[in-house]
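Letters A, B, C, D, E and F mark the chains in the order given here, with residues in each chain numbered from 1 onward.
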Amino acid sequence: MTTPTAISRYPVPELADLPEDLRTRILEVQAKAGFVPNVFLALAHRPAEWRAFMAYHDALLLKDTGSLSKGDREMIITATSAVNHCLYCVVAHGAILRIYEKKPLVADQVAVNHRKADITPRQRAMLDFAMKVCSTSHEVGDADFALLREHGFDDEDAWDITAITAFFGLSNRMANVTGMRPNDEFYLMGRVPKSKKPEA
Amino acid sequence: MTTPTAISRYPVPELADLPEDLRTRILEVQAKAGFVPNVFLALAHRPAEWRAFMAYHDALLLKDTGSLSKGDREMIITATSAVNHCLYCVVAHGAILRIYEKKPLVADQVAVNHRKADITPRQRAMLDFAMKVCSTSHEVGDADFALLREHGFDDEDAWDITAITAFFGLSNRMANVTGMRPNDEFYLMGRVPKSKKPEA
Amino acid sequence: MTTPTAISRYPVPELADLPEDLRTRILEVQAKAGFVPNVFLALAHRPAEWRAFMAYHDALLLKDTGSLSKGDREMIITATSAVNHCLYCVVAHGAILRIYEKKPLVADQVAVNHRKADITPRQRAMLDFAMKVCSTSHEVGDADFALLREHGFDDEDAWDITAITAFFGLSNRMANVTGMRPNDEFYLMGRVPKSKKPEA
Amino acid sequence: MTTPTAISRYPVPELADLPEDLRTRILEVQAKAGFVPNVFLALAHRPAEWRAFMAYHDALLLKDTGSLSKGDREMIITATSAVNHCLYCVVAHGAILRIYEKKPLVADQVAVNHRKADITPRQRAMLDFAMKVCSTSHEVGDADFALLREHGFDDEDAWDITAITAFFGLSNRMANVTGMRPNDEFYLMGRVPKSKKPEA
Amino acid sequence: MTTPTAISRYPVPELADLPEDLRTRILEVQAKAGFVPNVFLALAHRPAEWRAFMAYHDALLLKDTGSLSKGDREMIITATSAVNHCLYCVVAHGAILRIYEKKPLVADQVAVNHRKADITPRQRAMLDFAMKVCSTSHEVGDADFALLREHGFDDEDAWDITAITAFFGLSNRMANVTGMRPNDEFYLMGRVPKSKKPEA
Amino acid sequence: MTTPTAISRYPVPELADLPEDLRTRILEVQAKAGFVPNVFLALAHRPAEWRAFMAYHDALLLKDTGSLSKGDREMIITATSAVNHCLYCVVAHGAILRIYEKKPLVADQVAVNHRKADITPRQRAMLDFAMKVCSTSHEVGDADFALLREHGFDDEDAWDITAITAFFGLSNRMANVTGMRPNDEFYLMGRVPKSKKPEA
């Protein structure tokens, strides 16, 4: 639909040229999502960093302990990435957020103003904490942990919120400086019922 | 798809109770768009202000002089409304922007970071000026007008950029404080080819 | 006293060249005030926008419902225009504020720091709300409305405060970018007893 | 005209109770100005600090070397005190600025937005430097000194601008925290021709 | 010298309880440094995240390609961690910076104001870029890369600066929220000649 | 250890050329401290200002009334000078703070983030107040004084905190613009037990 555009300011390796472990993982993602999210290719310019990035990503997003749902985690990523003006993460994780939460409007809402989004008070408290970690983490203290506890988040959940915010703050900065471009596919994902989803 | 939610913190008048001129305009809009954008109903709580608002809106957006295309104007609105964290305007005018520019990705791009959007250098200069008007208008001076001129914008265009930014700054503040809710329809508009547009 | 200076970066129309309705209103203002405030001439460069601007202005400042006195409204304009560094509005509306409130010092006080001004606690709460609308309207929520209610302001008053702040935010941006110059007469108005008012 | 109001949150000594040197200076000022500026009384709560304050004040404002006129110095004080939201200094030094510069409008202009004031390009450069010292002195470097030199300011003048800005930054903070109230007389000084000056 | 204090708001595992790979690495560090930097223990509360963190750390700090010396890298960490008000990283990496650069004063200098530090113009440009990545990465663009090139930094170096800044931005947020405490040993490291180093 | 570097952008007078009173004081300081802190020489470029500066300094730091200990005062200076990014004051007063408080770590702690420093709740409240005076003194009001009183600080103590913050805000700006260089000696002072202090 749009003309092809560079997905990074840096050289993007060909799949064939990548180390085996990167290629395997990328092909798995492609098989599952139907396309390769550009972050997998753009960061593959540096395989060692790619491996650490994906290990961190998996440790935070694939773990199944704690009270944060997968939708909660994507909501944190979308909201804080908007603060950091990271196009890649707002678009890509906003898409995943819509899918996990089954709410086609929620990603745009939390990206613009989480205070006006159709979310639960618990999610609102979670995002308030994440926003503070994102912008003024040195001011986070006991009172902030107490506010979380009022909504049932324990200290391990607070760690999760912090780590997700911090890790995607890293990701936001990498994407912003490398000019990482979100795949066109993400923009529409989760906005329309499956049966009506256009091929685009 | 989502449960019905209040479109404003304030009472929203019934169409039948509105003064004739408001009702006529609203029915016209409904006929054209297929639904009534909530701003028409939410602001109708105050008919005198509604009339002034629409007169201002029309003076800026319906005029056919100057070098700003309709897409340019919606782009200014979308970008500056994002700075003001106004959900209504980002969603509603982002939709119109996608349609006018025939670019399904551009609204999300300028809302997150206009520096990374798929827009022309002329549009980039236009948005740079608008962003300064939005945030630090007291610092706008000769150098800013000169930058616009490098891209073919004359002083009348600069007035247009300024007035659009200023007027939607008003609109953003009204929408933020009244909790004005964008119609669900806007979120998807301009994202999919006409033939494939779902009823939703 | 000072040498003549342009009142706008843009062409300023002659009274004789203006549409009848603009000329009539301007002559009325002149008859009442003794001079034509420059905003009437500077914005007349665009008659359609002028009409909408004045209609909005009148809807907000001439209405006689709600609990905001005329002095309250001018106080909101003066305080928020200072935040926006708008010379025209601080000087012109500061003058009207002094006259309505019959307090020669109050305009300078609220322009520099409304927290230290000789105003009532009710006016202090009104300005606190207006300042938040001016600078971070997306953070306005239930707690802010509750603070207003403690001082007897109902939701309609909150709308008035918001709309006045929002409209003059528009005005501030137009004045800042066009370099609108306040009439010299405003600087002294309301500072000295009528009988002693110099011709200047 | 206004009811008597405390000039400081702290106890204000009686003239009779002050050490001889403070009383003598204060009586001299009173003889010259026709009233005692409140800063002399409010700070006299701490005689040792008062003496240092006045010695610093005199060293910066009474010196007759360098290229800064007395009007220039008051202009720096007025502009930077507005940044610091110090009512006392904006009002008191704005008055003296009007008198020295013989320009009844200039104080309000530089207090709201020095970029739009009726001042010389040299004064504009002087204020640009002062504003940077006031807000982000750690970023002042060679380029800023070079800009001053383009307008004929040498390094000693840069020291003067810096020291005046820094000293009144001290004064602004003392006035803000003690709630120091400017004398009513200052508000009108320099606004009307001498012969027409009301007793007020 | 100081009384024992918790090194983290979270439980800190005993060495004996850690997975083999963590314990091995920690013992290696202890053997080399003479003590275990607290970050190794505090983050070990989450072994999976610990492994990703260390892998990322090693990929960025142990690599021997590119033009950034080990001192350069620690300088970036110290300067950007000060912006983020991260006590752990300023103190720990400031110590390593002093040692690598053999400059006992440089860490305090870049932590307070890198513009006044005793560093080379090349290092100044490197830190200017890093500071922008740290605070406003969405504004980084071609002009910033060009400034780096003037000092001999190629695009791979720009990636290194970005990745180090981004990774330690993650680290800063984790340390701030967990209340990670720097080991007392760091404060003095690199400040005194080896022979005189106290046992403390 | 480091090569000699200019201690100021301005000419630094020789001791022999100074007025008698300056030279006497400087020799006294040298006798006591073992070296002449550069501020004494750098500011001596302007003897009249030097005298006022030292008189103010002594009035605030040598007074023995009020509840602020000498360590408290140096803690205020160190914390607020870090906000102002003043290398001279952070390094020089940080050294004195370490000595008075007999805490080798405290200066680095309050300079980076006073919320995480090993200080008493009373000192924390004192620094909270000082930070507000430093950054937004116009917002200081009754509530801030009340918070101080909860920790036993009366209004005279509040004046002391304010005056120290305000005076060193002056000092910070002078040091930043003149490029005042802290003596190398300060960096190590108070970090090691006396007996082990290196000659450096």
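Everything that follows uses one rule, which is that contacts are C-beta pairs under 8 Å (C-beta built on N, C-alpha and C of every residue); 3 or more make two chains touch, one makes a residue touch a chain.
A quick note: this is a predicted structure, and the numbers were derived from the prediction, not measured.
Chemist: Tell me which chains count as touching both subunit C and subunit E.
Modeler: Touching subunit C as well as subunit E, we find A, B, D, F.
Chemist: Counting C-beta pairs in contact, does B-E beat D-F or the other way around?
Modeler: If we tally the C-beta pairs in contact for B-E and D-F, the bigger total goes to D-F.
Chemist: Measuring centre to centre, with centres taken as mean CA positions, what chain is farthest from subunit A?
Modeler: D
Chemist: Can you report the angle of the rotation that maps subunit A onto subunit D, using C-alpha atoms only, to the nearest 5 degrees?
Modeler: 180
Chemist: Taking the mean of the CA coordinates per chain, how far is subunit A from subunit F in Å?
Modeler: The separation of the two C-alpha centroids amounts to 45 Å.
Chemist: What's the distance between the Cα centroids of subunit E and subunit F, rounded to whole Å?
Modeler: Measuring from centre to centre gives 28 Å for this pair.
Chemist: Listing for subunit D: what residues touch at least two other chains?
Modeler: 85-86, 113, 116, 138, 176
Chemist: Drawing the touching chains as a network, do you get a line, a ring, a star, a complete graph or other?
Modeler: Drawn as a graph, the chains match no named shape, so other.
Chemist: Mind listing each pair of touching chains for me?
Modeler: Every pair of chains in contact is listed here: A-B, A-C, A-E, A-F, B-C, B-D, B-E, C-D, C-F, D-E, D-F, E-F.
Chemist: Taking the touch rule as given, give the residues of subunit A at its contact with subunit B in the complex, in rising order.
Modeler: Residues in contact with subunit B: 1-2, 5, 82, 85-87, 90-91, 103-105, 108-109, 111-113, 116, 118, 176, 179, 184, 187-188, 191-193, 196, 198, 200.
Chemist: So in the complex, which bits of subunit F are touching subunit C?
Modeler: 138-139, 141
Chemist: Once bound in the complex, which stretches of subunit D touch subunit B?
Modeler: Residue positions touching the partner: 113, 115-116.
Chemist: Write out the stretch or stretches of subunit C touching subunit B in their complex.
Modeler: Per the stated touch rule, the residues are 9-10, 45-46, 48-49, 51-53, 55-56, 58-60, 63, 84-86, 133-134, 137-138, 140, 155, 158-159, 162-163, 165-167, 169-174, 176-178.
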